[in-house]
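Chain lettering (A, B and C) follows the sequence in which the chains are written, and residue indices restart at 1 in each chain.
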Amino acid sequence: MSDQLRPLIEVVDLVKQYDVLPVLRKLNLNVQRGEFVALLGPNGSGKSTLLRLLCALTRPTSGEIRIGGWSLPKEINAVRSQIGLVSHKPLFYENLTATENLTFVGRLYNIPANELSERIRQLLEEVGLLKRAHDLARTFSRGMQQRLSIARALLHQPDVLLFDEPYTGLDQMAGGILDDLLRKAHQSGRTIIMTTHQLERAETLVSRAVIIKKGVIGYDEQINPASPPNLVKIYTEVTGMVNAL
Amino acid sequence: MTTPLWRTVFAIIRKDLRAELRSRELVSTMVLFALLSVLVFSFALELDRTARQEIVNGILWVTLVFASILGLNRSLATERELGGMDAMMISPIPRMAIYLGKMVGNFLFVLVVGLSLLPVMTILYNIVLIQIPLLAILVLGVFGLASIGTLLAAMTAQTRSRETLLPIAMLPVIIPLLLVVIAAASAVLKNEDAWGWIGVLGLVDIIYAMLGLLLFEYVIED
Amino acid sequence: MTTAVKNDAFAPPNRLRLLTIATVIFTAIGLVMAMFVAKTDVDQGDIQRIFYFHMPSFFGAFVAFIATVIGGVNYLRTRENRWDTLALAGVEVGLALSLINLITGSIWARPIWNTWWTWDARLTSAAIMCLTYAAYLMLRSGIENPEKRRVFSSVYGIVAITTAVLTLVIIRIVPTTIHPAVIGPSPQNAEGAFEFSQNVAMALGPNFIIWGFLIPITLIWWRIRLQNRADAVQMRKIEALAE
């Protein structure tokens, strides 16, 4: 079977229950290499849970997840090394500088030391933090933290990038910078899955929109960024709710 | 694809030491608390020479236990605040490495507190505490505190009332350790043979470390 | 399925009924053995009879805490809620039995040691053991996420057994204790030791089995049933709210 045909991410009959409370009920989803998927849905629909399951932060009640041919939870570390996560928490240490934080993460992914410092420099330049490379992370604004977070997620050159509500707490300008970074990551061939409530933003960025409703997929369509559909209207029709930001 | 255990452990220790050298949050709080505690004890208990000899180990270890609780709370809380623990959880590392790394870091920090207390108490209580067997007891005792404390603090850091819950969970559990430590240290001060007790102390350490290694991965997963 | 659960929920299984009846009868027999059949101790008088409950109830507590370890280990392995329920039942029953142990000991110590309580190594470690399991209950109530609660409780229940083991062995390792040992030679400072005669063994044997096994097992079983009922109610509530 060639890489082209087989989806990069395969989710089969995925169920996640917290005690008796089902969050995901037999969810199925395939994502091809290079897609940019927006994962939409009201709070509590299970989209964040799906992301946590994909990066093996929590284990499924039943069902299967395969990423790049590796299956969870058996080949968990193979899956982990090809996933980068940007969550609403920045996932680093405030008493370390940007460079030190990235160096630590690089060591966790076993990146050779000689390669690591060059990669860190490049990434910091890409996200526009080169000047602040030796400043403590706690002095960073929310937007800068978010960019450092993206650099962290890209450090081990993962195939799949997961974004959990990346726009939360960002102002207009920081949001614009994030748009550009997301576009760049997508253009460089990465597969991206992003949860968000920013429907208008998603319309112009993503190649596919998926709406989760009560633990299953309620809507799943390709999107042509040149003539985007009206996601706000579709969202209201599918979920029966007005999208609350 | 998994990052080797020792490399990960080493990376976590270096990260903790680097952050601590810069902020000195943990050690300075613990040392200051420990000094205050020792002073309060010496004011609160008016002791003659023999009473001092009998009680000095108790004061040292009660102080170290409370100081270590302060440090452990802080050390595991930093992992939760900005999600450092999650960064480790999503990376391809053996879970055991997180325990070993955090434990060694906590061990070193509390050891610094213990080492700085010995000369101070030697002067304040006029009893020579800087002796080889006492240093061995300090190292082994602090190792025990760090190994069971890291496990328990990883749990309580995830609860609502984390600062208050750690002492309640930890104090009763470390009594076996304290008992052996005090017995060993008293034997040293009475010029008796303490190495038998030190051997038992090593055994207690092994039990605590085994519990930590076996159970830690369950308390950090989601 | 639902109707089966409904019918079962109210009627205890016959085995449990039998066990409960047996426990009640044997407890009464044990009481008679300790109070009337065993001869009065020459030195201590009637107060020595309390020992027939004091030592067996500690052993029962230990058995219950072992049940907690078994429940904890198996919960971590299988993630089946019933093992966590076993662990919780073990803690509560063990705590009750160790309180009986402490109280009977205290009553005995009043005439023999001339004090209700003394900071002896054995007594202190028994009190610490109680506090450890009280801490277990506090930890449990401090965690809202039910899955986390079960995992943390399992871990703590396993760690806590170290204090119970310590209480068991402490009279052998701390030479200064005044607490007598029942089996083997007592520590040299022990006060209130008595001869382990055939007469003592005759009353201790049955009570040991009653308080050490029958009572904890029966109570744990009932406690598990109680918890299952409470969980079922909780589940109904969640289902009703989820509609």
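Heads up, the rule we're going with is that a residue touches a chain if its C-beta (ideal position, glycine included) is under 8 Å from a C-beta of that chain, and two chains touch if they have at least 3 such contacts.
Since the structure is predicted, the reported quantities are computational estimates derived from the model, not experimental observations.
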Legend entry - Chain-level touch network, classified as line, ring, star, complete or other: complete
Inset, instruction - Find the most central chain, measuring centrality by the gap between its CA centroid and the centroid of all protein CA atoms shown. - result: B
Inset, instruction - Name the chain pair with more contacting C-beta pairs, choosing from A-C and B-C. - result: B-C
Legend entry - Centroid distance [mean C-alpha coordinates] between chain B and chain A, Å: 38
Legend entry - Inter-centroid spacing, chain C versus chain A (mean Cα positions, whole Å): 51
Inset, instruction - Starting from the mean Cα coordinates of chain B and chain C, work out the distance between those two points in Å. - result: 31
Inset, instruction - Find every residue in chain B that makes contact with two or more other chains and list them. - result: 221
Legend entry - chain A partner contacts - residues on chain C that touch it in the complex: 145-147, 235, 238-239, 242
Legend entry - Residues of chain B touching chain A in the complex: 1-4, 7-8, 10-11, 14-15, 18-19, 22-23, 25, 78, 81-84, 86-93, 221-222
Legend entry - chain C residues touching chain B - in the complex, by the definition given at the top: 76, 121, 125, 128-129, 131-132, 135, 138-139, 142-144, 148, 151-152, 154-156, 158-160, 162-163, 166, 170, 173-174
Legend entry - Sites on chain B touched by chain C in the complex: 148, 151-152, 155-156, 158-161, 165, 168-169, 171-173, 175-176, 179, 183, 200, 207, 211, 215, 218-219, 221
Legend entry - Residue ranges of chain A in contact with chain C within the complex: 18-21
